[in-house]
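Shared between the two complexes below is chain A, which has chain B as its partner in the first and chain C in the second.
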Partner chain A sequence: MFRAVLIRTGHALLSMLALLIIVFGLVRLTGDPVRYLLPVARTPAQEQHLREYLGLDKPLIVQFGTYVGNLATGDLGQSFRMRMPVTEMIAQRLPATITMGAAAILLTILIGLPVGIYSAFWRGGILDRIGRFLAAFGQSVPNFWMGYVLILIFAVQLKWLPSGGYGTLGHLLLPAITLSFHSTAGLVRLLRSSVIEVLNSDYIKFHRMKGLSEHVILWKYALRNAGLTALSFAGMVVAALFTGSVLVETVFVWPGVGRLMIEGIQWRDFNVVQGVILLFSAAYICANLLVDLLYIVLNPRLR
Partner chain B sequence: MSVQPILDVRGLTVSVELPSGRRAKLVDDIDFSIPPGGALGLVGESGSGKTMTSLAIIGLLAPATEVEAGEVLLEGEDLLKKSKHELQKLRGKRMSMVLQDALTALDPSFTIRTQLAAPLRQHRGLRGAALEKALVDALERVHLPASAERLNQYPHQLSGGMRQRVTSAIALAGEPTLLIADEPTSALDATTQRHYLELLKELQAATGFALLLVAHDLYVVRDSCERVMVMYSGQMVEDGPVADVFSSPQHPYTRALLGAIPEIGESVAIEAIEGQPPDITEEIAGCRFAARCKFARDICRSSPPALTPRGADRRARCFGTEPGGWIAT
Partner chain C sequence: MTETSRTLPALRSRQRRRLRLVPALPLLFLGLFAIAALAAPWIAPHDPVKPNLLYALQPPVWLDGGNTNYLLGTDRFGRDILTRLIYGARVSFSVVAVSLFIAVFIGVPVGILSGYVGGWVDSLIMRIVDVLLSLETMLVGLVVAIALGPSFRNLVLVIGLLLWPRIARIIRGETLALKNQDFVRYSRTIGVRRWAIFLRHIFPNVLPALLVIMTLEIGNVILLEASLSFLGAGMPAPRASWGVMIDDGRALIATGWWVTLFPGIAITATVLSSNTFGDWLRDRLDPKTRHE
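Right after this comes the complex of A and B.
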């Protein structure tokens, strides 16, 4: 068991390295940061000087070696534009992203859990039909579109909530709802099908024969068994939250790491882009490891 | 007739709505009763409606199926007049059921303790030390060795026979007056089957519940029950005291079932009878067994026989064995 986790971690680190190589190459294909950092009236000598200063004149392999070497000491390099350590920039932006992500996860659970469970319980009923429609809708509509629609309704028309920005609970609401839409829809669909399967099982029938109430059967026994299936997809939900946050932060002018990456791409700020992507993939790997461990803890057959 | 039966089923009819819109009877006008401490065997081929009958009694029919007519009296109270909630309160406490598949009846995600404690708490109000003692007692009563350790194990850590024992302990935890055991041994091997049936008899002797034992092995019924009822394609075809039914079967189907039993009494599948039972949803003009019956005459194919008495406490559904019939019994 412990060995399996170790092997997983090893694989994960290798895929992170592969990802880093790809990103490292790709950002450098998108353009030359020097052209964005220097004013239009510039001389070739100035350009060359800046390139040397940033280390971009060296061969790609040397640049990569230096980067990985620094990475080993926890140094993600300097931002070309802001002239400050990337780690520091990420640290500044991280709380905003975590706040939004946590709020989205909370919403996903608060809405997705009961809707998924009850649409399985009342299969074919009104709640089930609404739930299934919302789930299909939520999974087929892009996040940013959803965001603009919510802004249009709640900020522009009704003027109940701000259309963007950061600071209060009111600012958090729309982006969190937008971000949670996909994962809520996913959770509803997944939970619905696994609860339906579990409710048809012999052991649930036997719980009924003991005289247990439907409420207890549903929320204790069915949820534990169905949740196990749903849990194995939780890693994907986390991934969806990260990719989603990039778009949602942009739509709602939310000062998080997602937008930091977009800014990094716009300014060809290579180290920033690489840093954020590394952070995202590390978080993704940690989330999946956590899910694996939780799965082992919750599933007695694997203990 | 002075003792009130524990279970008295009268004219029970269960039907299902077919995709065509027609309602088909899956269980057709069944009556039987079980006295306190008595055991009734319910025998029939696969698909004859045994599980349907059991589920109708306990109030857990699948949504598409419903009780169309009849009464199910548990100690005189009609269960069919009770609300879902009232039935739930009765289940596990006054009537209980053991499922067909011993291996899948226990919840894989919870310990034996959790699953056994639920009915002990709910039906007997046990808590703390008393609950702890009752947990161990319940497992010891079904002869589970090392009971205390078993409590903290999960179902997958137990063998099939042990699981069926635990299932029975759970079903009997609320001290019900009626236990329905739906082919409780079909997932077990022959030796384990025998042990389990012995256990069931022993438990019955100790606590005195009435037993409805669904089986497709006639020898199981012969050894464990006083009375037997034979079902074919949703209908009762014969019932009576076990010894009488075995010595002089009054229905060709029963006779065929008995013919399929070897002398020594090892378990043998009923499928040894030639032909297939009709689709239970099919409408048939005459006797439902006629197509497979060696003795069938024209009347059997044109009009349905009724369940008529054969002596004091026996009945059968066959023209051929009625007084003046052509089948020698």
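Right after this comes the complex of A and C.
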């Protein structure tokens, strides 16, 4: 078990390094930031001076070395545009993204868990069919479009909720619902099939023969097993939430990290883009690592 | 035992009835999608990009002020929504076709090689695949598309290159299972060359799995294309892509909701159809993983 943990952690670190190299190279392909930072009437000498100031005149490998070195001390570099540390900029925006993500995860669990289990238990029934259709629908709908549909209904027509902005619970509701669409649908589908599988397994049949009530079987035994499957879904949810946040934050003018990245790309602000992608990927890789480790701990067969 | 034998016939007949409805509807819709895509210049009533400001923001025909010339209304440049939807299908269709071709072109040979040869080659390839799979498709797609500039070529390249590891992994799994089957062992024993085994024995037998994963990826590609285009990193703006159309309508949500609504419905219907069809196909071709 210790070995498995070590291997998983090693893989996670390797993924991070590969990602860093890819992103570092890609971001530099997006164009020369000097063009965006200096006014149109500029001299080559000014350009050269700024490049030196930003450290962009050095060979790529040196730039990369400096970046990784600083990264080890927790420094993500300076924003070219704002002249402030990237860590500070991310820290300012992160609470908004995390609030939205946490609300979306809460909604996913509150809706996805009961619907998924209900669908499995009463499979073939009319409500199961509706649930399955809604889950398939939820996975097919583009979430940014869903955001506009919700704005159209609840902000424009009914005037119940604001169409965008940040601050109150009212502002949070529509973005969180929008963001939770995909993950709720995914959780319903996954839970449904894994609960069905467990309910058909021999040892549940044994409990049934013993005379345990269906209620006890479902909530005590089937759910515990299906929970393991649902756990493997958690890493995907984290990824989907970050990706989704880029789109949903655009729709609802939400001042989060996703918007920060889009702005960073538009201004060729290399360090900002690198910082945000690094943060997202680290969160994704860590979530997956955590899930893997929890899986090893919780699953008696792997112990 | 008695329980299964009692429920089985009932279950079977119910499944048979549902199976007829399920591939029919999605197939019908995917057929419409393909026709719209291939025949766009002949069936679209107007020009997809030419502005006609006299008829800007006409509502759909069933609303007050609707014009029978513009069945689903017009956008703020007076371009016909229905026409742009039809041309949007053409864009989605070509993005799906080309990027899936790239992904299959790389993924299938790599997957077969990795599964068949095994050893350090397999470990190395799978390590690379793992790393690529841990990349967030949307984020990387966004950076690359903006890095190289938004265009059709860059879009399909990015999507194709991000997609091949998923195909490679599945093909590798299939190859591993095939590798030790008697007919492959026998060919090996009598000295059939390796590439001939790949071509004649492995490749035809991974086709069903390939078909399933390709169908299931159609929806992903369409959503990815729409998301990137929406963010301005996919198809360049005047082109009629469904994602660009949603972006066009975002400031008009209060006054011209139809500009945003219809392309979203088109995306959802297409993705839903291909996902449902893919699920059905998988159940048909591989009874082991049948979802009830």
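Things to note:
In this text, the second predicted complex is superposed on the first by the 301 of 303 C-alpha atoms of A that agree within 3 Å, B and C clash if a C-alpha of one lies under 4 Å from a C-alpha of the other, contacts with A are read in each partner's own complex, and residues count from 1 in each chain.
To be clear about the criterion, a contact is a pair of C-beta atoms (placed from the backbone, for glycine too) under 8 Å apart; a residue touches a chain by one contact, two chains touch by 3 or more.
Remember, it's a predicted structure, so these values are computed and weren't measured experimentally.
Of the two partner chains placed around the shared chain by superposition, chain C is the only one that A:F280 touches, whereas chain B remains out of contact.
In the superposition on chain A, contact of A:A4 is made with neither chain B nor chain C. By the touch criterion stated above, A:I130 is placed in contact with neither chain B nor chain C. With both structures placed on the common chain, the touch criterion links A:L106 to neither chain B nor chain C.
Shared-chain residue A:A91: touches no atom of chain B or chain C. Of the two partner chains, neither chain B nor chain C is touched by A:L60. Among chain B and chain C, the chain that touches a larger number of residues in chain A is C.
Note: no residue of chain A belongs to the chain B contact set and to the chain C contact set alike, using the contact criterion stated above.
Touching chain A in their complex are the following residues of chain B: 58, 60, 88-93, 96-97, 99, 101, 104-111, 118-119, 122-123, 154, 156, 167, 170-171, 173-174. Remark: chain C residues 14, 127, 130-131, 134-140, 142-144, 146-148, 219, 223, 226-227, 230-231, 243, 246, 249-250, 253-254, 257, 260-261, 263-264, 267-268, 271-272, 275-276, 291-292 touch chain A in the complex. Residues 11, 14-15, 18-19, 22-23, 26-27, 29-31, 123-124, 136-137, 139-142, 144-146, 148-149, 151-152, 156, 163, 193, 196, 239, 242-243, 246-247, 250-251, 261-262, 265, 273, 277, 280-281, 284-285, 288 of chain A touch chain C in their complex.
Within the complex formed with chain B, the chain A residues making contact are 201-214, 221, 224-225, 228, 298-301.
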